[in-house]
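Chain lettering (A, B, C and D) follows the sequence in which the chains are written, and residue indices restart at 1 in each chain.
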Amino acid sequence: MTYRYLIERTAMMLLTMFALLVIQFFMFRLMPGDPSASIVSGSLTREVQLQLRKSWELDKPLYVQFVNYVYKLLHLDFGISFFKRIPVIEIIRYRFWNTVIFMLVAMIWANFIGIVLACVSVARRNKTGDTALILLGSVCRATPLFVTGIIVLTIFSYWLDYFPLGGMHAIGVGSSTFLGRFLNFDFLYHAILPIFTASLFYFTVPFFVMRTAMLEYVGEDYIALAKAKGQTNVNILIKHLARNALNPVVTSAAMAIGFAISGQVIVEIIFRWPGMGTELVYSTLRRDYPVIQGTFFLLGIIVIFMNYVSDLLYLYLDPRIRYAKFE
Amino acid sequence: MENVKILEVINLKKYFPLKSASFRPFAQRQYLQALDGISFAMYKNEILGIAGESGCGKTTTGNILAGLYEKTSGQVIYKGKDISNLKGKELKQWKKDVQMIFQDPFNSLNPRFTVFRNVVEPLRIYGLNKNVNEIEVVSNALEAVELRPAKMFLYRFPHQLSGGQRQRVSLARCLVINPKFIIADEPVSMLDVSIRSAFLELLKNLQQEEELNVFYISHNLSEIRYISQRMVILYLGKIAEIGSTDQVIDNPKHPYTQKLISAVPIIDPNRKRERISIEGEIPDLVNLPPGCRFQSRCSYAEKKCFAIDPELIQIEDGHSVACHLYSRS
Amino acid sequence: MLNSSKFLADILNVNTLRRMLAGSISMLWWVTNGIITTFRLRELGYQGKIGVFILLFFIFIAIFGKALAPYNPKESLVGTDGKFKSLQTPSLQHPLGTTWQSRDVLSQLLYGCRPTLIAGATAAFMVAFIGVNIGIISGYFGGKVDMILMRFVDIVFGLPFLPFIIVLVSMLGRSQMNVIIAIVVITWRSVSRVVRSQVLTLRELPYVKAAKVMGAGDFRILYLHIFPNVLPLSVLYLAFGFVWAILAHADLSFLGFADPEVVTWGKMIYSAWAAGVMTTAFWWYIPPSICISALASAAFFYARAFEEVANPRLKEQ
Amino acid sequence: MLLEIENLKTSYRTKEGVVRAVDGVSLKLAKGKNLGLIGESGCGKTTIVKSLLRILEKNGQIIEGKIKFENEDLVKMDEKHFNNILWDKIALIPQSSMNSLNPVYKISSQIFEAIKLHRKDAKKRKGAYLSKMIEYFILMGLDPKRINQYPHQFSGGMTQRAAIAMAMILNPALIIADEPTTALDVITQDQILKNLLELREKFNSSILLVTHDISLVSETCDHVAVMYAGKLVEYGNVKEIFNEPLHPYTMGLLNAFPDIQTSDKLLVSIPGIPPNLISPLSGCRFANRCPFRVELCMEEPRFIRKSFKDEHYVSCHRVDEAENLRTLAKDPKIWKTLKS
């Protein structure tokens, strides 16, 4: 039963990626303002425009363009950036891992805090601890990330000057190896503030979902039976309540990842983190289509892959799906 | 009772497709054989009881008759026509004629509607409320189910009523468009024992007065004995025994029926009941062995039972059984 | 149990659309009713009351904001001594001081309320309308319809939230309406999944089956029997939709993708941040930040209080 | 005396007011004997079980009374000592075992959880306890290979058998069975009760069977206690209660129960609806549904001992006329002519 679900889910993931590709292709082609409008400005002569359009293969029928587009995409060739005149992949390859690593660390850390705080809040039901946590959660959830970002930046960087103003490395520090970039104190020193800000926003989704789920499960019969077995309250809270409440937390991951990716863009802008988010925003402002397409596609890939991972995690967590029901 | 057939079920089958566990795309699709060819007749103005353990297909039969499930094969003949190829007006008439009461009193009424709105719904569906005073019709229906005085119940919500009262409102909802058939799917099994007989009495009297036909589904044999004239014993989607209640309960022929009756606990501590022991669990409904379905748990099983599936044979007037012990060969 | 031709005929006939609209109007009625009842319901707790009170306050400002504003938010003010009054600290004349372009912060704040609220409300309502209806239809009919709709939802879940809105807005043009459309196009996805899972359980309840046995049409059952019982959940997600829309709107205006003419809180914070006056002119970006998070928290409190009313199991704990 | 409940009062705080679910109940259960606790919905029988095991909902609370188990009052006992007794000496067979087993853990680990809590050497002699678990599975007619499966892979009957095996694993002195077979079919119920009685014989533990089904109690228990609206209305040994019921409610229950063997038994139905426990009427709580109500019933009846032969208690003012009330109660018409 499990590998059937696995194969189905992988097929679904690939289908979603293909759909993302299709949506993106049509979105850019059919939008008002032909993609090459910014380059092929009106002032150029007629035949230069035609020549440029031909070089961007815009004159061929749509499906031919689509096939070429897919072919090139599979070779990670997103075309040449209008603005920087260098292949898009060069720009993106460096930034892709910055975003992925950042999101991974922030998400894991935020989920960890969310789950722990949910347990604390349920343990202290209706006491001051619980209401304080709800207030904190609601305010963090409701405040846009750039507001928290600015406030955190102002306090810790401007006034207290504990942390750098942004960016990922001090000037001059860099390393050739892929991992070298991340596994050094300088990176950590630069990363603490943005990750702290991002996790302030992300932790609310797992926190509220888990808290509501745990409050609902308190009335379940297996909790009463566990108590009847002479189990201590703490064990019941962790082993039975929290463990069961993990299922809904993972199923709500799809929504949480949606927020995380938006938060990612904002945090990168505020902290000038050289990730895909900043690249997307600035290239959109500059109407640099190939780069927009590239960053948008890869951000989509991250979201789809993280949804896929959370579904597999759910498969692992909930035995009812792993084992088919047979008498 | 004059035995005019009002409804006939011939070789009714219902298979539920199962998601095949193996991923081979052309893997032979596995089916849950809920009903595997049952045939019986309902006579006019009679309560027919259907008994059997959970998973024997009694609720599936009820749902097929009520139109909730579509049958895989076989026929249900009503007024000479098979109900599945009724069209337009005739289909609407059949839908009006058959109504259903459900087991769970807490969820069989729309929690957001008042009692009045719940009971008047069938009238509004068929547009019968045009030239008639709705309040009056609903009040009569409530009085008919002994919810007196009716106006006290009209504008209350289901959560303000007791379990027994809610089941009566469901019954009133059926009566309001005077049906020919009522399918009762274990209507009293969630009610307290002390108020069950009142509901059974009510159903019996209404069946006589309104000349209804009740299709009474239950796993409790004493209930079936109390209310129905004829009964059917189902086991894993096939009829084990069919006959009048006294015939079937007083001298059961099929080994399964004997076991079912001997397992019912007796209220009088002085009278001992000899318990026929039975081993094994109900076999899995997906890949069933050939031959009689009770073979794995029957103490009389012989060679023939493992090979051929016994048909229903009439052993006395109106009483037939599907077991090789009685087959003529 | 469903043939597609009958399904399509059903969905297009007039009284289905009538019922769909009736359903949505009842959703609106529930929201207003919800706001009124929160004052009467004692046990809704202080959370609900604070939330509703702040919401009403902002609605008041949205309506009368323009009249209350002392100055024109876009006009650069000149002081008595002929010089531009840029970055003045809060004073009697300018309770919240002035911006770098010497515009009055208070009037910008008051003007900024209406677009945010309108964007939030319309987006929330459209999200609930689309999400709930798709959730109901796919949950109730199941089979092919459910498979198609849910695969479509999975694909929409594959799109990155804010990047998609950014790209869409920059493509469609930055008018206020396009911003709302962009937000709506992607936000309805979570509502549909939640509503569908509840309809899957409601569909199996006996009173829905009884309605089917009675011969009620599918869409009559959907909107008369199932929709009212899904209403509390949909109003809850309407409130959540409102919060997501406000945040997305603020993010967009912060990133500079919102309508340039319209003054919004997000833009105020952006211009303060761009001017790099973080440590000095705190009166410029702090008030709009407080307003945004207050408005969003209020909607969030209201939603949480409503959730307890809508989900009885939570109440007893 | 294994278990003695003295004047137990438990109530729930709800929005509508304080629900006095159990209002002064006293019970006795001797070692090795079985007690059947009969009552319909809302009579407080499950609340007694929950008060005994301290698994009351958050808004439930024991107001008064003692629960003496082996002469130690459980109500006053400190948490730690109480947890040691739970499952080691008092075990529970839940009503719907499907949702009483945690869906995310294997059956074996849930049973082992109980063992680890009460047996210090659980870790060391894991193998021995595992074989004991398998032995109980076989005793309960379960296929031992299924021991490492998850609850959702079991049928209704099988989960109930696993729950019973879990309850008996530490050979407790008292087993509380809260409606153990309500959700099951007749044949499975018959088998499970047979297995349960065999196991009980083996360890001489006593069963407190809480149910609404009188026929189950008359086949498995020695004594019967009948409850109505939070109060005990009749207590005595099984044969005496069946042959000479003294309380009108017990008569009504016995006559309302269909009997498979006699087809012509006229079934009685008790009119009216269960009482509201927030503001119960003064005097006898069954008064508004009792066909033999008299002026006297307005005062609170005392719970007096009727026959001295074998401890037959009842709380009804018209006990002396019980003889002819019994014959009257057999005819359903008497219950219909209720003075509202």
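FYI, a residue touches a chain if its C-beta (ideal position, glycine included) is under 8 Å from a C-beta of that chain, and two chains touch if they have at least 3 such contacts.
All figures in this text were calculated on a predicted structure; none of them were measured in a lab.
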*asked:* From the centre of chain C, which other chain's Cα mean sits the farthest off?
replied: D
*Check A-C against B-D and say which one is joined by more contacting C-beta pairs.*
A-C
*Just curious, how far off is chain B from chain A if you go by their C-alpha centres, in Å?*
54
*Using the average of all C-alpha atoms in each chain as its centre, how far is it in Å between chain A and chain C?*
22
*Intercentroid distance (Cα basis), chain D paired with chain B, Å*: 31
*What whole-Å value do you get for the distance between chain A and chain D if each is reduced to the mean of its CA atoms?*
54
_Touching two or more other chains - residue numbers and ranges from chain A_ = 218-219, 326-327
*Quick one: which residues in chain B touch 2 or more of the other chains?*
281-282
*Can you list the chain C residues in contact with two or more other chains?*
316-317
*Please name which positions on chain B make contact with chain D in the complex.*
53-54, 162-165, 192-198, 200-201, 219-223, 225-226, 245-246, 249-250, 259-261, 263-271, 275, 277-279, 281-282
_Of all residues in chain D, those that touch chain A in their complex_ = 50, 53-55, 57-58, 82-88, 91-92, 94-96, 99-104, 113-114, 117-118, 149-150, 152-153, 155
*Write out the stretch or stretches of chain A touching chain D in their complex.*
218-222, 224-232, 240, 243-244, 247, 317-320, 323, 325-327
*Spell out the residues on chain C that touch chain B in their complex, using ranges where they run on.*
1, 205-207, 209-216, 220, 225, 228-229
_In the complex with chain C, residue positions of chain A that touch it_ = 12, 15-17, 19-20, 23, 27-28, 31-33, 125, 134, 138-139, 141-147, 150-151, 153-154, 158-159, 212, 215-216, 218-219, 254-255, 258-259, 261-262, 265-266, 269-270, 277, 280-281, 284-285, 287, 292, 295-296, 299-300, 302-304, 307
